[in-house]
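Single-structure report; data block below.
Think of it as A, B, C, D and E in the order they're written, each chain with its own count starting at 1.
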Amino acid sequence: MNIVESIRFVMPEIILLVSAIIILVSSLFIRNKNALGIFALSAIVAASLYLPQSHKTDTVLFFNMLTSDSFSLFFKEISLFVAGIVILLSMGYKELTEKYIGEYYFLLLNGTIAMMLAVSSNNLLMIYLSLEMISLISYLLVAFLKNNTLSSEAGLKYFLFGALSTGIMLYGISLIYGLFGTTDLSIISNAVNAGQINGLVLLLLLLMILAGLSFKCALVPFHMWTPDVYQGAPTAVTAFISVGPKAVGFAVLLRIFTNNFFPLYANWVGLMTLISIFTMTVGNIIAISQTNIKRMLAYSSIAQAGYMLIGLVVGTASGMEGILYYILAYVLMNLGAFGCVIIVSNSIKSDAIEDYAGLHKKDPITSFMLSIFLLSLVGVPPLAGFWGKFLVFTAAIQSKFILLAIAGVLNSVVAAYYYMRVIKYMYLEEPKMKDISPKSAPLQIAVAILMAGVLIAGLYLTPFLNWIRNSQSFLSQ
Amino acid sequence: MSFPIMTCIVFLPLAGGLLILFTPKKNVGLIKTIATAATGAALILSVVLLFNFDYAKSSIQFEECLRWIPSINISYHLGVDGISIGLVFLTTLLSFLACIGSYDIDIRQKEYFFLYLLLSTGMLGTFVALDLVLFYVLWEIVLVPMYFLIGIWGGPRKEYAAIKFFIYTLAGSIFMLLGILAFYFTSTPHTFSILELGQTTGALSLSMQIIIFIAFYLGFAVKVPVFPFHTWLPDAHVEAPTPISVLLAGVLLKMGGYGFLRISFPLLKDAAHYFALPFAILGVVNIVYGAIVAMAQTDFKKMVAYSSVSHMGFVMIGLASMSVTGVNGALLQMFNHGIITGGMFFLVGVLYVRAHTRDLNKFGGLGVKMPVYAGLLIVFSLASLGLPGLSGFISEFMSLLGSYAEFQLTTIISVLGIVITAGYFLYMLQRVLLGPLNEKLAGFSDMSKREIFVLLPLMIIVILIGVYPLAALKYQMATIEAFIQKIGGGVF
Amino acid sequence: MIPQSHFLLLGAALFSIGIFGVLTRRNAIGILMSIELILNAANINLITFSKFSDNPDGLGQIFALFVIAIAAASTVVGLCLVISIYRNSKTILINKINLMKW
Amino acid sequence: MVNLAHLIPVFPFLAFVINILIGRRVRRYSALISILGSTISLCLSIYTLVWFLKGSGSYTLFKWLILGGISLNIGVIIDPLTCMMLVVVSTIGTLIQIYSIGYMKDDVRFSRFFAYMSLFMSSMLGLLLADNFITLYIFWEGVGLCSYLLISFWFEKLSAARAGMKAFITTRIGDTGLLVGIFILIFSAHTVYFSDLANLSAASPLLTAAALLLFCGAAGKSAQFPLHVWLPDAMEGPTPVSALIHAATMVAAGVYLVARCFVLFSAQAPALIWVAYIGGITAIFAASIATVNNDIKRILAYSTISQLGFMMIGLGVGGYSAGTFHLMTHAFFKALLFLCAGSVIHSIHTQDIRDMGGVFRKMKITGLAFVIASLAISGIPPFSGFWSKDEILSEILRKGHPFLFAIAMVTSLLTAFYMFRLIFLVLFGKPRTEIHPHESPKVMTVPLGILSVFAIFVGFVGSPFMNHAFQKFIYLGQSHESESMKPDYLVMALSTLLASLGIGIAYLLYVMNKSILPQRIRRHFTLLYTIVYNKYYIDEIYDFLFIKPSIRLSRLASRFDLGVIDGAVNGVAWIFVILSRISSWIDRNIVDGTVNMIAKIVGLFSLILRRTQTGYIQTYLLIAFFGLAVIIFIKLIGG
Amino acid sequence: MMSGLIQLLNNHGISHEVIIKATFYFIAGVTLLFALFVVLARNIFHVAVYLAITILGIACVYLYLDAEFLAIVQVLIYVGAIVTLFIFTIMLTADIDTGSIRGIILRVLVSALVSLALFFILVRVIVMTNWKVALPGNLPIDLPQLGKSLMLDYALPFEVISLISLAAIIGAIVIGKAEKK
């Protein structure tokens, strides 16, 4: 489909872009965090309202650069949701000075655009570009507290790690181009179906693509940047990169592996199984001995990625369903957890788990919500997190990945320990902290929304499941 | 659909809990009233249930079924039959009494009663859920409030006990989840409904059954608790506040036995037959080992805790026998143990409130100061050491009789367990009530009206069942008959 | 003429050298430079393939073009990060930047 | 006429309930309530007896429990044995309760005492009426409970508390045997009813086992040899209790059980022999202890044991009527003995016979009763003991058990000896310490009188003069008639002779030369004496063999539980923590960790490696790459 | 310019083929050499220069692949912009030395091992794979065509690139700008 026809399909992105520029310009005059934030928020809302209109039927846009299908729609919605929540969190996040707030929102909105492009791109070129865009923006956001050494250190580390892994991916893409003479995924998948490709080359290609993507999803062995970056970054940004890029990474992973490369299932299933088990185990085991809650959540998010990967390994429709639902749940509960962390750190100026002692006395609501999110991360029914695990394990059992399932459940038992540790500090210890400062409205709104999400998605998940069912229509299999 | 009585029974407490969330923290009186009202209402409803229950029928009654997650046909499916009705009554009763028993909780009452009510909803739900996933969900819901209840209001080593309990049971039940999933995929058509599985799973191969059985076993054995998995129990019981110990011993342990009775045995009968002997042996180990360990305890609560380990052993041998008498005995034993041990824990609490210690060697001669207490303690101890005429005897006798039909030797050994039980209970009585009065205790007052009110119903039930067991048995016999016919067991 | 594989080998060599550099350079800027090498390696591949591929749509070259642009952008970002870290902790030696560990 | 037998236990039970609830308020009247209760049941018992003689029998009341195939109905058994026992028990019970009014006059828990007594009465009567094993077992444990409560009635005394516990547990050991026996019967004979036992005439090892196990229970209750240890300690209880429970009624329950299942036993010859010999051993063994003991109540206790052994012999050799006959007579005179002892103790507040003496002068009635009872137990004609004991002896001889006969003879000799040792030391001679005996009040002496009458005359019902009315009666409804009714005069003469010989020796030793001779004898047989004096060290042996080890075992087990099993669990947790420490440490000085590994692969520079100290981004990258490379290599080697 | 040179050499009887080959391998060699310098040299300043040279070498290689336009872009952007940026940054941060050598040897060796391993794998892949190869020498892509496809088929990527650059620059300004405190 040519450009002119395609435009209306990317209206949401355009809305975001325009409003981003408006914010940038207006920030020269207005430096009010909340005002700009609310404007950005309204832009997000507008975009998400427009989103369904923009997608009627599955089509390909911009000469097959983008594809507009229900799958991408699902992830676009997720991206917008994440962006909205993160904006709310940023509005309440004290560390973020008002000085460069305009630029901040500008970058955030651009990041959102990049995510929306990435999840819908149908061409390795587009994938590369949009991922790079996400990366660059996240580097900048991570280092956004320019006078904070930790922040800029995190930024640099993130950058170096990212640059290298995307470099590798790029090299892989170039080889793919060499193999198939094109970067258009749909053509490639036909070629793959035709078969006759050397095993070693394939392996190399898969690995090189994986390098870039597992950097985004923080899978072993590309996970090590996670704790440092999560700790150093402004917490609002941490929240963003812990869900946004991850979700996108998984989206791309799914699109490539379960759609285009699916004929090669036999080639990559073993690999993925390995990565999945390693990812969850490493994440969980290291998380046990963490003392900083942000680092702890970093490792936990590594582990969570491991669980999600089970769904991919299984490679069936139900596995797909599981992973999508898991991503949904993960977005809700992880954002929520970080939101609570922001609320707390706003008042006690610390991220050490010990400093959460007796939080229930000072701030019952927050500690209650945080416990809900943590329990959901543990996978206690009937919270959203449980159903994520449930569906994933269901898929695993269904296709006889018994060991994988057992590894998963054992891990979730181990995981319970460190999540409960935070709860223990909050409820079972006596408070050391002084009285907490009043909380900002946006933060509370955000966290409230997320908790409602966790509860609803846990108690009545039929609509969500139907939504997901529709979102994976394109799946061959 | 008619009046959804099951739903009301299960969710009334939770409703109360939510109400409590919106009452001011200061207004403790109101909070207590709400909690009592909620549990009381549930109790009344369950009594209504008892009266409307048709105990000639062996099938599920008061069934309620809604589609919850149609896509993987998980349904909201409740109902009672002879197996669960007794336990439902037990749970509502104990929740109500323990709720009154928790009036002297003096810190953070609001949280306490909220969690308490959440807990009782979870327990009730577990007993009436007829859909495996729903069952699992409610089963897990019990964990969280229990963690807090032990961890916040518990004794000195509460945190250790709480996390131990949590991780332990979670580890057990997570395997149960795998078992549930295995059920789902081995059944045609795929279903989580226990009833449908009851019809279909005959087709399962033995090896598959064994795998699933083990998965479920891990889940249930931790709760019961069966021998190697029991060590969370003494800690949890000792550290938990009195009302919570009551519920732990009275209801939570039953969830395990109920699981065996509702899922493992009927749905996996070949595996059940396959594992019958090991099961019986473990039961005997529980009985004898628990008794022996109990004898060595100086902590009153710990002693009672280990005694429950011992008593649940009878449930196991009764089940293992897979005979009408044995299973009837096992089920009745669960009920009786709930009542008796619940009472025991209340009594321990009564003493603890006064003495602030549970060290048996620090008491003595209380029979003079507290005659009423002495009387009650004697009655419950005798009931729990299986004295004929009190409820404990009937169920133990039936379990033993049933298991004797299958496993003579193990039964005889467990009969010896009874002697040890008598030993440590009398030893306890001697150290607490008899002997010269320990003058440090001279200031003790006898039991208060409230305490007596809590214990009286339990004692009445103990005596009633002891004197006329059919009063309780009639509810379950028809169901058990059918149950045995289904899984193919002996008459005795 | 020069066989295609020789170009590719050149690219591979550059790639490996770049990797080596990234792994060994202590100076942050040095690492950035090594990354440039990697990107160039990719570019060489792309262009080679576009020359030797049977449909001369020039995709390879265009891709390379984009890569160069990206390289520029990322260098900008990278260098500004280097500057800010230098501003904060007066060093750009990777082995001195270790506030956050374990 | 109507069935009222099942009401017999009810009234005492009501008395119990009333006393427990309002006893402390009505205080004195609680005694009347209890006595009223048991009097009513006495009347009912007599009524039942008459009614039975009129020729009606057992009946069932209502369905109580369903055990597999068997549906268990509560009913009452009405047969000679039961009727006899009912009358005996309720009579003695009533009398002793009356006596207790005096004895327990100033006790703080007066009403509680009578409550327990009533409870005991009701469960004892229930035990007698039970028509099946399970009901019997229930009441069996019930009387056990009452004995526990009453033995440790003065629980402020630790010894009393201990004694009660000892009694309960020892009997419980026997009861487990009983329980298993019942199981075997249920599964091999598919019945729990006594009425069906008649059908089990075939001898089978399983049934023998069952019979022996039942006998275990009986031995526990009736304090037969291995399990007798609890009875002497049980004397810690108030004397009326000892009289009622530990002399007349409860301890006889064991004998009653054997008699009740006599058809079963007689079908299983080996079991029967066991019963006989156990009885024999017990009889002589207990008697020997009684000869040297110095505690008035304990002497009586041992004599009880020995007499029960006597009954067991009687039953064991097949003398059904003999055993039951002695059971009845013994009930009366032993109760009488205890009550006398009680009234002595009541007046002089000591139990050690060495401190007594010359009580007779002050306590005529008591003394008289005492003497009568002693004559009865020693078997001096025409007192009741004589007839029943003689019955047993002749039965032994007739069935041809010379050895047992010898034992029985010696026992009766010893019996006469220790009884009169007691008599002489307590009643006659001079007071050996400062004691001020005085006659007990009417309320206590009247029962003594009544019982003495019984002790004298009750024997006649089984004597040739009333041509063995008792035997005839006891066999009513029974199928076979094994015992001959003609008296065996030789045996009569012999036993009388031995009895008087015993009395003579006692007189010789303790009256003529004021216990100089005993010292000398003691000196000659020091070893024997000490052994016997220490009751053959049975208690010590048990303590050493069972009690200490079991306590040690339980300590061990609990340590095991804490240490090993729990330890294992904590171990796992600990391992996880360690694991996490380790892995986070690896994460920390990752180079050390991983590069070490590489170094092993490379096989170089390990020394320099250990010194490298980073935790930096490049290391992370290195790891990433290394992982990548490793995966590729694996795959390459793989294929 | 190239053609002139080749003409000249032809006159001395060296065949067209040979010259091209020789020059190519020479250039490739130089490029790799300087690439090695880039990663090995101590003085970061020199490194920048070496990088420039490497870039130029690669540009020449592009010429052999009939991608003159890209060669020019390469030179313009890299040498003109990127390397200059590097040099500025080096001056700003003024941290010339590359840190102490202690403990680095091992890292170097391990890294060398890893990258060599990678190199060999790549070599193996490149050699053994049958790439989509048409006969060389099909007419090169001419500039207009490139421009057209940039404006049509690749319009979106083009826009994205511009977005990226915008974002990058904005961010860089924010973060790079010195704060006066």
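A few notes on this one:
Please note the rule applied: a residue touches a chain if its C-beta (ideal position, glycine included) is under 8 Å from a C-beta of that chain, and two chains touch if they have at least 3 such contacts.
Note that this is a predicted model, so its numbers are computed, not measured.
The chains in contact with chain D and with chain E alike are A, C. Central chain (C-alpha centroid nearest the global protein C-alpha centroid): B.
The chain pair sharing the most C-beta contacts is C-E.
Of all chains, the one whose Cα centroid sits at the greatest distance from that of chain B is E.
Farthest chain from chain C, judged by C-alpha centroids: D. Our note on geometry: chain A versus chain D, Cα centroid distance of 76 Å, whole angstroms.
Mean C-alpha position of chain B lies 66 Å from that of chain C.
With centres taken as mean Cα positions, chain C sits 26 Å from chain A. In chain E, 107, 110-111, 114-115, 118, 121-122, 131-132, 153-154, 157, 161, 164, 168, 171-173, 175, 179 are the positions where the chain touches two or more neighbouring chains simultaneously. Within chain D, residues 573, 584, 587, 614, 617-618, 621-622, 625-626, 628, 632, 636 each touch two or more of the remaining chains. For chain B, the set of residues that touch two or more other chains comprises 167. By the definition of touch given earlier, these chain pairs are in contact: A-B, A-C, A-D, A-E, B-D, C-D, C-E, D-E.
Contacts from chain D toward chain E in the complex involve residues 591, 595, 598-599, 602, 604-605, 608-609, 611-614, 618, 622, 625-626, 628-629, 632-633, 636.
On the side of chain A, the complex with chain E involves touching residues 2-3, 6, 17, 24, 61-63, 65-66, 100, 103, 106-107, 110, 113, 117, 125-126, 129-130, 132-133, 136-137, 140, 143-144, 146-147, 152, 155, 175, 178-181, 198, 200-201, 204. Residue ranges of chain E in contact with chain C, taken from their complex: 17, 20-21, 24, 28, 31-32, 35-36, 38-39, 44, 47-48, 51, 54-55, 58, 61-62, 64-67, 69-70, 73-74, 77-78, 81-82, 85-86, 89-90, 92-93, 95, 98-99, 104, 107-108, 110-112, 114-116, 118-119, 122-123, 126-127, 131-134, 136-141, 145-146, 149-150, 153-154, 157, 161, 164-165, 168-169, 171-173, 175-176, 178-179.
The touching residues of chain B, counted against chain D in their complex, run 164, 167-168, 228, 230-232, 234, 289, 292-297, 323-325, 365, 367-368, 375, 382, 387-389, 393-394, 397-398, 400-402, 404-405, 411-412, 415-416, 418-420, 422-424, 426-427, 430, 433-437, 468-470, 473, 477, 490-492.
Across the complex, chain A meets chain B through its residues 360, 375, 378, 380-382, 386, 390, 393-394, 397-398, 405-406, 409, 412-413, 416-417, 420, 423-424, 427-428, 461-462, 465-466, 469.
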